[in-house]
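In what comes next, subunit A is part of two complexes: it sits with subunit B in the first one and with subunit C in the second one.
Showing the complex of A and B:
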């Protein structure tokens, strides 16, 4: 049956609207709820704009100052004499991220088995390990760095430990999720052939989860290069120290060069890690580990 | 005689399997060697010093212990009250932090969401628009938010305004990219429908695109809110407002018990926000997939 638009009359449409009201619009209560939701969002936004002085001369003054002082003075970048030093410090930053990620992965690997429902029979142990991981993750890298700078002194070691601690939490979560998603049959196979606990893990579990784990680890390494680049702001090593120093001294053009080095390095690492991850898990359309701790 | 062919096959299998194993072992050894070289090089570059670390660990635990003042069983309420002596100010900072994150999320989501239509290959119209928007969004999110905060503090002075703007810029970059990816994955059929019925570009966006992408947008926005609360707790380290400012000063002034009290407030808040955001995502979005 074909319906031609020209044959439809207003009465037909009205009749259809009576028969299938939900096809034409949401119900009144649904619309009310949506309207109410948007009103609350808008109201709270207006209140915040007012509370934080967005509607003031000071704000306009700040905007003009940002345009005139900050943006205009960033370009052109200068300090190319220091470029080799910047690149060297960027290398140190990447090394910090690498060692920190590695330590985190090493701490998290055994704990992630404890945190998996299908590997640990004791519910309190499994639940406790998970919450411990949440606790480690819930402080930002910079907060841990602040703590470790006090304890270990200024320098990259504090930054490495900050990354290692946060990553322990993140990896326990990511790894245990990978372990929980594995296929039971291979484990049963190894057990049926008379394998003991360790052999079950080695031949039943690891072949299934290792690619996913490696891919997650690489992804977090990529992410941690970004994190490591700001830890220097609290004195925990890396290029962030130089950047904050130049910005605070109003040497914006040199800061611009440092930001450029940082952006190029981040892109290079992203590209490398993406290529490696695609080779590791094959299907490049596979979902990124969109984790609560991962900042995009 | 009858077994000759299978025996030949078995021998071929054995030799090919052995070759395969050998090849794998060579790769594994090579990969392992490269990896070890990387680790050693990185450890040297980053001046990773195990002795210094082991020396520092007792100091770390000492420091962590100092974060909590002695709390006796008999005088529990009093001790806790004394520990949280400045609770009024800290709660004010916490409220500021949450509102900073909220405002930055809303502003960043709206601006980033608007830009995402120009950053989606199927909606941008012209390649030049697509390319420029993509690069702008990339710059906005590749520069860390705390670096934006340092720059905004120069222009706007010390205070929450600089922090909000910094987180907003980062949110624009992140949401713009994520939303653009959602936009690129929509079905083109409704757009064709609106276009065939004579709709304008705006009507295409409103009636064909938004209904398809809204669940994913909302889900990403809740998630971004969660991340922005974390960011808002640290931008205070460079003077951009929020509870991070209180934490930073108390650590700098060696008021460790204060720092501990603030850390506890932060961890409780973050965990609460995590739980709330997750339940919101599940209830409000329902079956909306997080895949992109």
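Showing the complex of A and C:
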């Protein structure tokens, strides 16, 4: 029986369809579920577009006004005398993000193992750690910053703590997801060689998850530089304070200079973390299989 | 008829395939043997155009209406060529998270408009064809399983089914049994031979072991350091020629040579 499309008659196709109906189409209930799913997504989207006035003349008008405001009132940037100060405060902002992210990663690393189904036998512990992480993440940086400003006073320390707390929650989730997607075979290999729990983690788990964790951490660092820039609005240190101040005083052109410093800093961080990621993780391009059995 | 003319591939200063020429008449089953690193994989990949040749030509007269130089194909014609010159890999190269049936239907994508294939809209005829191919490899009962639920031997059979629904003129196999146990290796090689004989599809297979090539192929091409050092019927190969293909002169890999030569040198 050759496999050629031209040899298949309509009767053959109908016969195969009779014998293997599931290889031709989903069952009626599966199709119904798919159809329902798509209908809900589409309906929700349409409702939101309508409810939030996306589909209105007012929206179009607002967009054109926004463009006019940006062009006319932000440009050209002024306040270059203050540029060294802006840059120094930007540096402080980046430092806040750095320390906050590092603390978050340090807290989250051990906890993420507790939060992983495949690492923690006790279901309550695993579930509890997960919910604890959700709790930390469920308030935005700004809320935590407000709380820490009350507790620790105005200044960068409150901002750092806010970032560290939220990041602990985020990293527990991201790390434990990486851990749960582990390839079991490598772990079995190490266990079979007589490894205990910690040794298995060191040799079977870390080599697999570390690149993923590192990549997540670097990405969140970038993200936190942006977050740290607005924490100043509530007095938790960083360039946000200056920006909010200029915006409130309608010194939009000076605010524009601050925004430019911010954009340049974010670009730089983005570039640096990309370079770092490539250095530390290496590229995963498949190489040509190397002659392993016979070396000349 | 497939004609390889002075095909060369160099990676920097390393010449992986060095001025190789041979002709394969339609319907032949050819085994290419040689040590790891002899250039066998690179040669097959150049024929399928997964790798571009540095110089030389690959002429084929039965894939398109006229004879074409495969090395010059581009775009749609290139993709058509790849479909007609199917490839089976050592590591099977299925998509593990997709169902077996979907993996096999992938062999049909070059025959349809992009949009319909992206939406997985395959015709009933395609599906019936995929079922036929799976039946041929005795894998139809696994059609709805995910590819990563299968054993290595089963995955390779699915990969061959995928190659079959491409309706190829030529089937290239790059060390198809190197990752399989003896029983599965036999099943896979038997399938390739059956496809070659019953469908008249030319099969060109890289093989590490001489004995496999002797058992299954009409013709053996021996490669060493990128050069063809033997080309003929299995029976024509002498013990000395076989040793030349695998040997490096040093003592350290004598065991490796004996292993590759297999049954020929057991009495040695």
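Please note the rule applied: the second predicted complex is superposed on the first by the 205 of 296 C-alpha atoms of A that agree within 3 Å, B and C clash if a C-alpha of one lies under 4 Å from a C-alpha of the other, contacts with A are read in each partner's own complex, and residues count from 1 in each chain.
Convention: a residue touches a chain if its C-beta (ideal position, glycine included) is under 8 Å from a C-beta of that chain, and two chains touch if they have at least 3 such contacts.
If you're wondering where the values come from, they're calculated on a predicted model, not measured in any experiment.
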Regarding the shared-chain residue A:24, is it in contact with subunit B (first), subunit C (second), both, or neither?
-> second
Of the two partner chains, subunit B (first) and subunit C (second), which one does A:168 touch, if any: first, second, both, or neither?
-> neither
Check whether A:13 is in contact with subunit B, with subunit C, with both or with neither, and answer first, second, both or neither.
-> second
Kindly classify A:69 by the partners it touches after superposition: subunit B alone (first), subunit C alone (second), both, or neither?
-> first
Comparison of subunit B and subunit C by subunit A residues contacted = B
Please work out whether A:176 is in contact with subunit B alone, subunit C alone, both, or neither, and reply first, second, both or neither.
-> neither
Could you tell me if A:259 is touching subunit B, subunit C, both of them or neither one (first, second, both, neither)?
-> first
Residue overlap on subunit A between the subunit B contact set and the subunit C contact set?
-> 292, 295-296
Residue positions on subunit A within touch of subunit C in the complex are 1-5, 8, 12-13, 16-17, 19-20, 22-24, 288-289, 291-296
Residues of subunit A that touch subunit B when the two form their complex = 41, 44-45, 48-49, 51-54, 58-59, 62-63, 65-66, 69-70, 91-92, 94-96, 98-99, 102, 134-135, 138-140, 142-143, 146-148, 150-153, 155-157, 160-161, 226, 229-230, 233-234, 237, 243-244, 247-248, 250, 259, 262-263, 266-267, 287, 290, 292, 295-296
Seen from subunit C, its contact residues with subunit A in the complex are 35-37, 41-42, 101, 124-133, 135-136, 140, 143-144, 164-165, 167, 198-199, 248, 250, 253, 256
Please name which positions on subunit B make contact with subunit A in the complex.
-> 38-39, 41-43, 45-49, 52-53, 56, 59-60, 62-64, 99-100, 102-103, 106-107, 139, 141-144, 146-147, 150-152, 154-157, 160-161, 164, 174, 177-178, 223, 226-227, 230-231, 233-234, 237-238, 247-248, 251, 263, 266-267, 270-271, 274, 290-292
